[in-house]
Amino acid sequence: MTDRPQGRRLDRRRLLDLLVGRLAALGGVVLILTILSVFAVILWVIFPLFSSPAEYRWGISGPEGIDAGYGILPLISGTLKGAVYTLLFAVPVSVLAALYASQFLPRVLMERLKPLVEIMAAVPSVVLGFIGGVWLAPFLASHVFALFLAPVFISGAVVAAFLTRHHAPVRFRSFNLPGREIWLLLVAVLAGGWLALECGALLEAAWLRAGYETWFAESLGLTFTQRNAIVVGMVMGLAVTPVIFTLSEEALSAVPRSFLEGSMSLGATRWQTAVHIVLPAAGSGILAAVLLGFSRAIGETMIVLFVSGNVPVLDWSAFTGFRALSASVALDLPNAAPDDTLYRVLFFAAFLLLVSTFAINTVAELVRRRLRRRYA
Amino acid sequence: MGSKWSKDDALIWLSGGTLVLGFLMVAGLILVIVVHGLGMFWPQELTRYELRDGRIVLGHETSRVSVRTTGSAGERSVTYRLGIRTGDRERYPDEYTWLEEGRVAGRDTPREAVVVERVRGGDLFGFLESFVDDGTVVARGFEAVRAHYREQAPELERLRRQRALSIVLSSEDGRQHSVSLSNVQRIYAPNEMTTWAKVRHYMGGAWAYLWSPPRDENRLGGVYPAIFGTAAMVILMSVVVMPFGVLAAFYLREYGKPGPFLNVVRVAVNSLAGVPSIVFGVFGLGFFVYFLGGTLDSVFFPADLPEPTFGRGGILWCALTLALLTLPVVIVAVEEGLAGVPPVLREASHALGATRFETLWRVVVPVVLPSILTGLILSVARAAGTVAPLMITGVVAFSAELPVDGAWPFVHLEREFMHLGFHIFDTGFRPDGGEASLPMAYTSTLLLLAIVVALNAAAIGLRSRLRRRYSLAVA
Amino acid sequence: MTTENAPVTPKILRDETIIDVEHVSFWYGDRPALKDVTMAIDRQVITAFIGPSGCGKTTLLRLINRMNDLVPQVRMTGRIRMNGVDIYGPDTDVTRLRRRVGMVFQQPNPFPKSIYENVAYGPRIHGVKSGGFLDEIVERCLRRAFLWEEVQAQLEESALGLSLGQQQRLCIARAIAVEPEVLLMDEPCSSLDPVATSRIEELMLDLKDDYTIVIVTHNMQQAARVSETTGFMLKGELVEMGVTDAMFTTPRDRRTEDYITGRAG
């Protein structure tokens, strides 16, 4: 009498346990099915493209009888162009910043910075794209000289700030405890940017006869458009910088302290140690971070949509725009009838994005794993 | 003091400069959004520009740009151009005009200049002439017309329908416009407003922005349907993504036996996290909309074919697409929570004879509940800010219907809907230049940014509190 | 400071003094690590510091080449001179100081580079560019560290592939490649097996003709085997310092005696 209900309750408990276990496994199965079906559905749609040679021509010459009037090659070139200019901006900024944050910034400050970086990473790309296309692109297009001067002037201002502080009376006995310099840096960067704007205006007064478009055409023989690769590089660069920064900073901070001490004990400066010891030791982690940034830039849609101008071209000039695969998909797919050639070609574009980002992410993951093994 | 010290320390400062530069650039862009976005509802004073050729323009300055020209003799000159918002779309395309600053002879801010916000057709700037009731002029002049308008204002809704009331407005150059009262949204005279009145006007504008539908091709009015649509879609998405995300995380951390299958699941999570958002959209279109939706139509709505019901973009398909996109976000957040649960807790429970499920339910789940909440918040923030995949799975620039309303079956999963992020794209990316819709775009951008930042800040705060608690428990 | 606890300055100045520590106290935050330490280290002699863990001997060692500059929130009073010059003076170039005062750490810490690059790193950062000259330095230092025979065939391979004992000798080779005057060794054998330990000890005895060696160890036998001068530290104080043999046979302080005979610590 007393045994049976207990036994039955026990069974029900086990049954429930088993059931929930199966349910959890089902969650795993759904995950696998999802990623597989993403591949499968896209392949299913693009398959007819490969069976008909006429449609294959799309790749080079573009569609016939379709308004779009461009092939997929300029789109591939455009996507790569955007990603490359993005990295040209993002890699130096984020890797140097990560080096500074991991080696020279006090941990306390870094801990305070982390949530900020996280929030930066969460800024929706439609927001960055909008402000980049509507405000930054026209602004930069009317301050091109200032843009060229800015790197030099900002560096100059930072060095000047350093020298000021360096030659100021030393109140503390040693050079440890940086961090307070961040405020000085803030002022220096702002001052450098402002100076670049002022001097850019002076140069404009001296050199510019008409607008920048004319100047570029006459002096350099280049086409200049307002929405160009430089602006895309900067805006998309700002979007991927938090990714590259966070992962690089992680890799740089993971370099054992003993390496640093070994190097410093030989009389290396902190900068020599950072560049010759820490940076190479974290090399594969940084490479993985850059690869992930690259794959983000390839798949990014809203920013290129707003900022790139969406004109299909094959050139790689910094002063012209481009049209990317992702932007084409977003702009043209709503107008493509299912089972139309355009529809299939745009699925093919998505397939290229999927495969390339998948491949890059996988390589990045492998590189990261190798790093983890090395210091484990 | 060796020179090496200085050189190397200068390089350290330069690397610090890049960190500061990155932050400053983002902060600068956000500042631009905030300034433009907050400025939208502030009543701008109207200025009357008298040009040398006698022309008169009424409006407010929005930009001042330099123009370089070179004369025939090679002499260079810089002139400035003023971008003036003029209203009155019939006369000024895009409601803007450019003035050469050198040709402005005089400017003043007439006290009686008014802004007439119209329901359709955009704003008009000018001076009140008369109030016409069924063809009879009942009031004349600024004060009288305004007094009469104010008198009628409480009953405006009713009067609009009953009588052919209209206001006659003269523009700065003396031309007369008759505006039917049924088309008047609001009338105000910014130049004679006190600061307090402006603040009230501002608050009213902000309120109306949040709670009214858009007018005039999204250039004016509010974004209520976009907010509603975003919220409805995000809720729908959460209902789908949370159970799957939590289950998958439980599988990865609690139930899964280490082995090839677990590894494959892990690889699947990582891969899913790396798929570009637009590709999810393409998948959503091919699978959800055309395949699932098409099948549903042929089974349940064959009578309506070939007009699709579910076989076209809609809120359900958008929600499902974003559920896939945010699945890894939820999994990662819940996994982190599970990893933080001290093993002793589980072991203690098992030692008392509890099954794995009972341990999970009574011991683990209460501890990771905040992590699940974090996952929910983060996925909502992510979904609210993602636009690209929605553009091809059912979002529209304007929709008169909400996805939830009083008509049977109340929740209309198949409907296209408005989304705040897409509203930004629509108002900020008009091929014809579209200056007139930019103020709206800035404001919506600010709103979306505020929502996403607030959600993320909440998640970060929640997580750091959680971490502190664990570190205390371990210590 | 009572007379009983007064540190005893060694009166065995066989050679001239190279490092002179005067009334040095040191704090990590609020926690005192060294209390009024005064002592002198002689040229080309092996000086050992012994004492229980946490007694401040490693801290003292790291003050001599200013490695504690890297630690935030520390405070120091007193004076440390090298060849009569205050190393914490405003005109000291820390990198030049560290070049003259090398260090070998508790855990072998070769860089994740090739064996060759590990030894060449120091000369490189100090401006040696010529490849031939670098080759010479690398070979000389590896020979000096008794490592050349073992690794000459694998100079381009990663240093992390070496055994721990070899790694530690590589670190010594790396340290002497910048031609320091003083070599600080922070428990260099604590992670090594007895065979590797004895090789390092042999090496130290060989090196002392050219370098001043300061070693911190918790192994009293090791101090007795290799050092000529020994200091005993306890709770941040230098209790006693003197000729090694004398200290181990006839300690002057009761606390030293307790420690040596194993009654305390």
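Order of writing sets the chain letters: A, B and C. Residues in each chain are counted from 1.
As a convention for this text, contacts are C-beta pairs under 8 Å (C-beta built on N, C-alpha and C of every residue); 3 or more make two chains touch, one makes a residue touch a chain.
All values derive from a computational prediction rather than experimental measurement.
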| item | value |
| --- | --- |
| Which of A-B and A-C has more C-beta contact pairs | A-B |
| Distance-to-centre winner among chains (Cα means, whole assembly as reference) | A |
| Between chain B and chain C, centroid-to-centroid distance (C-alpha), Å | 64 |
| For chain A paired with chain C, centre-to-centre distance based on mean C-alpha positions, whole Å | 47 |
| Distance from the mean Cα position of chain B to that of chain A, given in whole angstrom | 23 |
| Where chain C touches two or more other chains, by residue | 94-96 |
| Sequence positions of chain B contacting 2 or more other chains | 4-5 |
| Where chain A touches two or more other chains at once, by residue number | 175, 269, 272 |
| Chain A residues within the chain B interface of the complex | 13-14, 16-17, 19-21, 23-28, 30-32, 34-35, 37-38, 41-42, 44-45, 92-94, 96-97, 99-101, 104-105, 115-116, 118-120, 122-128, 130-136, 142, 154-155, 158-159, 161-163, 166, 175, 178, 181-182, 185-186, 188-190, 193, 204-205, 208-211, 234, 238, 241, 245, 269-272, 274, 292, 295, 298-302, 305-306, 326, 329-330, 333-334, 338, 346-347, 350, 353-354, 357-358, 361, 365 |
| Contacting residues of chain B [partner chain A, same complex] | 4-6, 8-26, 29-30, 32-33, 36, 65-70, 76, 78, 244-252, 254-256, 261-262, 264-265, 268-272, 274-283, 285-287, 290-291, 313, 324, 327, 355-358, 360, 381-382, 384-388, 391-392, 421, 424-425, 428-429, 438, 441, 445, 448-449, 452-453, 456-457, 460, 464 |
| Complex interface listing, chain A residues touching chain C | 106, 170, 173-177, 256, 258-269, 272, 276-277, 280-281, 374 |
| Touch list for chain C against partner chain A, complex | 65-67, 69-72, 76, 88, 90, 94-100, 102-103, 105, 107, 109-113, 121-122, 125-126, 171, 174-175, 177-178, 184 |
